[in-house]
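For clarity, chains are labelled A, B, C and D in written order, and residue numbers in each chain start from 1.
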Amino acid sequence: MQLEAYQIADHNNKLQETHQRKLSYWTGEVANAEEVIQKLIAFQIAIPSWALGTGGTRFGRFPGGGEPRSLEEKIEDVGLLHALNKSSGAISLHIPWDIPKDGEAIKSLAASYGLQFDAMNSNTFQDQPDQPLSYKFGSLQHVDRAVRQQAIEHNIDVIKHGVALGSKSLTVWLSDGSCFPGQLNFRKAFERTLDSLQEIYAALPDDWKVFVEYKAFEPNFYSMTVGDWGSSLLFANKLGPKAYTLVDLGHHLPNANIEQIVSLLLMEGKLGGFHFNDSKYGDDDLTVGSIRPYQLFLIFNELIDGMDRKGMNHATDLGWMIDASHNVKDPLEDLLQSVEAIQLAYAQALLVDRQALEEAREANDVVRAQEILQEAFRTDVRPLVAEARRRAGGALQPLSLFRQLDVRQQLISERGLKTIATGL
Amino acid sequence: MQLEAYQIADHNNKLQETHQRKLSYWTGEVANAEEVIQKLIAFQIAIPSWALGTGGTRFGRFPGGGEPRSLEEKIEDVGLLHALNKSSGAISLHIPWDIPKDGEAIKSLAASYGLQFDAMNSNTFQDQPDQPLSYKFGSLQHVDRAVRQQAIEHNIDVIKHGVALGSKSLTVWLSDGSCFPGQLNFRKAFERTLDSLQEIYAALPDDWKVFVEYKAFEPNFYSMTVGDWGSSLLFANKLGPKAYTLVDLGHHLPNANIEQIVSLLLMEGKLGGFHFNDSKYGDDDLTVGSIRPYQLFLIFNELIDGMDRKGMNHATDLGWMIDASHNVKDPLEDLLQSVEAIQLAYAQALLVDRQALEEAREANDVVRAQEILQEAFRTDVRPLVAEARRRAGGALQPLSLFRQLDVRQQLISERGLKTIATGL
Amino acid sequence: MQLEAYQIADHNNKLQETHQRKLSYWTGEVANAEEVIQKLIAFQIAIPSWALGTGGTRFGRFPGGGEPRSLEEKIEDVGLLHALNKSSGAISLHIPWDIPKDGEAIKSLAASYGLQFDAMNSNTFQDQPDQPLSYKFGSLQHVDRAVRQQAIEHNIDVIKHGVALGSKSLTVWLSDGSCFPGQLNFRKAFERTLDSLQEIYAALPDDWKVFVEYKAFEPNFYSMTVGDWGSSLLFANKLGPKAYTLVDLGHHLPNANIEQIVSLLLMEGKLGGFHFNDSKYGDDDLTVGSIRPYQLFLIFNELIDGMDRKGMNHATDLGWMIDASHNVKDPLEDLLQSVEAIQLAYAQALLVDRQALEEAREANDVVRAQEILQEAFRTDVRPLVAEARRRAGGALQPLSLFRQLDVRQQLISERGLKTIATGL
Amino acid sequence: MQLEAYQIADHNNKLQETHQRKLSYWTGEVANAEEVIQKLIAFQIAIPSWALGTGGTRFGRFPGGGEPRSLEEKIEDVGLLHALNKSSGAISLHIPWDIPKDGEAIKSLAASYGLQFDAMNSNTFQDQPDQPLSYKFGSLQHVDRAVRQQAIEHNIDVIKHGVALGSKSLTVWLSDGSCFPGQLNFRKAFERTLDSLQEIYAALPDDWKVFVEYKAFEPNFYSMTVGDWGSSLLFANKLGPKAYTLVDLGHHLPNANIEQIVSLLLMEGKLGGFHFNDSKYGDDDLTVGSIRPYQLFLIFNELIDGMDRKGMNHATDLGWMIDASHNVKDPLEDLLQSVEAIQLAYAQALLVDRQALEEAREANDVVRAQEILQEAFRTDVRPLVAEARRRAGGALQPLSLFRQLDVRQQLISERGLKTIATGL
């Protein structure tokens, strides 16, 4: 299924009057409205290929219908999202779930939807059928050199697939760790993981980055070998200039101040990418902005501050990805909500009066500093985000249009009710 | 596979001298050693049928070999455990994973291993193939009366299976809840769940109990309809005298004082059963006593205090069950470790000088109260536990014997390497 | 110091044009704008007398200047707040910090500022000079009957003071609990506390309520005798119809779903009052809405839903109080921010399309339900809140006016730089 | 008050028979009993001067009697502890609470009790009377250069005091951070703190170490500038070879794996010291081992492993200090309990069969690895600890002797009932 330009246009036309009323008001109220709109247009968020099907937990999975059955259909799904919001112009693949048989064809297909290939993801947290050695006790940390070698080679394979598709980065998320006190020699696990990462690093093209993702717990429930930003930064520093830390919002201990971590990593020049989601208890992988939207805003506030200071390009100098699970929602609807929440937070953070904020800080005016942030957060930037979409050729209200066009029903007609996307 | 009496006897004979030396010492040191041994002999912990296979997480599962392929083989596994430790004399079944085709035959089989049937567990957190209506959005709380009815009938079915097997209780664990703010009307969800539970309660035989288990989060990540002991107690009180709260150690928010909850529920006469496991982050379902053994001891300290005060029988008046997941260990070995940890905590708690403790408390002598508890906890009660096993006909060192006899290898020979037990 | 009407009028006049522009827009966008404004005018939040001075931690306290030195000056401070925002029309006193020597005079003074007396607060968590018996090991739970009696009598005294001032409720927050395993017999502590509360309850006038506040931890670090909503509800139910649970936002374990607790307590008819603040780690007592504004909105969403269903009056049928600590901000500025945050959350929650929300819920339309809540939360209701203040005679921008008028500086001139308010 | 040798001897004589019976048994059971005893004799834990008086919370403080009124009396108290347990042979001072007027005299006094001076502690988290500039908004991070300078000079002063007393290290614990989003520029706060630390580092004698302590929250409730081990390590690495990270057990987010942090810091050669205490909720500063004794053991397990690998001397190459608060116990009794808990954990960790453990790990034998650790933890090492004390000249049961000799009563006679020790 593919959206036609006239469908978007019809939708926008019907809403245009209302939209214009709101937009006029807000462009009057917000000093840098045009700048915000321009930056929103440039800002693209990668969709992970594994988030296009219904997710589940160890207790069960309740699939919806019309899920993509192949890499081609996954690209089609992201194409649909991008047609609607013009902000999902990239896809992040996961190997071996998405091995492209014909790299060139896949690249052309993606290009036909205006999509690029963001970070490639390797998988050494599951055993694949016919895989010679098991990752039950880890992969890059494994006590057995042969298992480590297998995992290293898999990562190098993933790089090769990525090169063929035009990707420029590899995300290494390791579930390696331990479930019980005593199971692991922490130091050896660190050193073996480092050795393995160094071999992968050596295979990295010069214009690539490798992102070392950290996670506090799950699936290992006692220790994770890359468990926090401190460990990840140790690895990234020991690896070299192409290695960076990747922050996933759900991968922290309770109450962590993630925005401070973001600031410090940017200060150290070692923040590489971001996985967006939201959570209340653990790595709940909920829709972005559904639980703690103010925290999301605060994170963007630090991102902008840190990137601007180093002259980084918001749109291109960090990897922006969603990493969520859709257990009780239509995955495509959920992703539309997530992208919107990211855009809102980004737009609000762009409204922050940074000069006034720094002045308040230098004067220890805590009340004023809070007011400046809340002033931005309390602003209703939805019309600006809608306008950015409209100008880029997207829909004023992507979710409404998705429903009006009965997209899911069409996908079910085309693909069937009982399809199951590869992935978790 | 079945253990022969001579195998146990040989094992014990070889260890007898060492055991006797330790035992003599400790019966000299511990005033109530004989009482402890007697109580340990009577104390049986039910093994859940779903804990006999390798568990997993949403990220994957790494099966071992020789897992039970049928209810009969699950009973055989529990029989093996019980032959080794004489403390696992009950099995807790899960429907529909363990539907007995011939109740009488199953009952006989269990009896041949000296096993009874503990609480029956229903399952409305997963959809079964060919199930007419889905539990995607809940079961007993569902907005649709027909779904609730289906779930009610399933529970009544489970009671019937239990009656046939001689079980006397039903555990209702509901995954019902919501993943996102707005999804659920909390009050209606509570009221619908109550209505449904009342229908199940009405079908409960007079000599049965129903346990309302609570859980703070997972698989729902925003709200759980029976989310804490307060909610569970509300349900139990509204249901009537046959309804009780069940405490699972892993089902709490971080830092919860579980021993205090146990004490209050016993005070209210509403504690019905217990699910043992251990955890560091969430419902990690780790081996009992592997992370926080002192907390386990403190819980037993409250259990004994509260039960003794009401004249309850330790062995029979509460449902004692393990509920763990074995992702990186041999399930049978893990269960042997769990039962041992429970026995140690129980034995240590039996050593507490309760009169001295109450005196210290009434004198606000905090230092002395702590000393009294630590005195018991620091005592090495392993010889007493081993002696209880020996006298009951079990092995002095069950885990060692399990390994010496190559039990797992034999099970693999009999059942195959790639079996998968029904369950999570 | 007292604000003059012309000062408010001048301030509002200068801002009137801008305000009118925003207001016109939003009254056009929001269907029930007038209803929201009316409800906001009626909605009053009590200021706790102990929040008018700089707070601190066990590590230190950094006082500001011009803090109130007497009950009269505390009333003056709340009068200032109320003059500015017309939403702080009540004060909540704390005995013994605020013992009124002449009840009638104090009542008149408060009335002259348009203030009423909200819930009275007793204090049995500290020893006062010349107090015969110590609360080191608890008060209403104490092992010694004489200490309990002293604490009971103190509470009855507080009721008497309250009666004289026209208050209608008593808030009992107990720090009672234990710091170490073993220290406390949980059951006896519960029973003694209940006995004590029953004596206090017996002294309660017929038209009074008693609020049983719960707290998860601090200042006791192992157990709290009224530790969660479950315990508080047990006490309230055992006490009788005048006893209610009071929810303080900061008194929960990490990740607690407070909005669900609110909903269940309203369902049970046992929610009595609310203490507003915000927190990231524990009972941090930060400015309301400064950390988790969306959670605050979700709580108001449940409050409105539950109160409306029972035909309760938003403004009068629950006790609304702030309970925060101002360690690094001017307390009066902080309170202005807190009241504003509460009003915003209340107003946003009034925007929720409840009929549509229930329809979405009954259809399991999780995406739509989330959209409905976010639609309300993302609306910029500041102009409506400002208009409510304006119509009630308050300032459009209370905080700005507070600063323009140099209120703090005037208070310092009147009271001195090194004053210290009674309280924490 | 000073203990006489005969008092210890009498006490030991009375208990000798029982002790000898237990000791004989355990030296028979434990292969390396003599090695454990020798290492215990060498192992000394520093007592912080501020832990000798009753602690409190922001809600209140309930002092005991006979608290030390001067540095001399604090040394006397630690002398008493050391006489009893021969394991508290050092004191850690806190400036400005413990400024020695005559360094030489103080040094002699300490030596007369067999005490050394462990790490010196600076204090920039409180304002002292007559201090020119306030630390309300931080010290080493402060926006105002003059405040930073004042804090730097204070630290340099502390070093000077330490040099005079023979101390060899400075612990810098900063409460610097922020209470509200927006308040702080995280990067500038880091950079200013680093600049300040560099100036302090420059003043450090060649044979000194500086410990950079981290803490997750409190007294700042939004961010802490040295908030976790990752930040602390960044500072330590940027400072140079004399800078190390100090781990305080209570300074982490919920559920943190502290033993893994210990292992990684030792791997990096950057672990400098340790603050022992225990906690359930936050920085509760409870008696060591009173809540999570198994975690304490696991931490010692890593300490021994990491130190042995680098050839470090257990007794001298890390700074071992208690940092607790005694709100409901006699401080000296509490400290005796804490020291005992540390010794037990250390002794148990010395029992771990490290070769077998490594073999189990290399074989992924998780069950065996757990058994090896639990084997050590479940061993009753109290007789070994008592023997180590006895041989060193201390009491078999320090706490019992403390009570038998009525030490507290004597201190009250000498010092009075209403003394208040300087400190928190």
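Assume a contact is a pair of C-beta atoms (placed from the backbone, for glycine too) under 8 Å apart; a residue touches a chain by one contact, two chains touch by 3 or more.
In UniProt terms, the chains line up like this: A, B, C, D = Sugar isomerase.
It should be emphasised that the depicted structure is a prediction, and the values quoted were computed from it without experimental measurement.
Averaging C-alpha coordinates per chain and comparing to subunit D (Sugar isomerase), the farthest chain turns out to be A. In this structure, the chain pairs C-D and A-D differ in their number of contacting C-beta pairs, and the larger number is found at A-D.
For the pair subunit A (Sugar isomerase) and subunit D (Sugar isomerase), the distance between mean C-alpha positions equals 43 Å. Measuring from the averaged C-alpha position of subunit C (Sugar isomerase) to that of subunit D (Sugar isomerase) gives a distance of 40 Å.
Of all residues in subunit B (Sugar isomerase), those that touch two or more other chains are 136-137, 179-181, 183, 216-217, 222, 254-255, 257, 280-281, 287, 290-291, 294, 328-329, 366, 370. Contacts from subunit A (Sugar isomerase) toward subunit B (Sugar isomerase) in the complex involve residues 55-60, 62, 125-127, 134-137, 175, 178-181, 183, 216-219, 221-222, 254, 279-282, 284, 286-287, 290-291, 325, 327-329, 424.
The part of subunit B (Sugar isomerase) that touches subunit C (Sugar isomerase) in the complex is made up of residues 136-137, 143, 178-188, 190-191, 216-217, 222-223, 227-231, 233-234, 252-257, 259-260, 263-264, 266-268, 294, 298, 302, 305-306, 309, 357-358, 360-364, 366, 369-370, 372-373.
Interface of subunit D (Sugar isomerase) with subunit B (Sugar isomerase) (complex): residues 22, 25, 29, 254-255, 257, 280-281, 287, 289-295, 328-330, 333-334, 337, 344, 366-367, 370-371, 374, 377-380, 382, 399.
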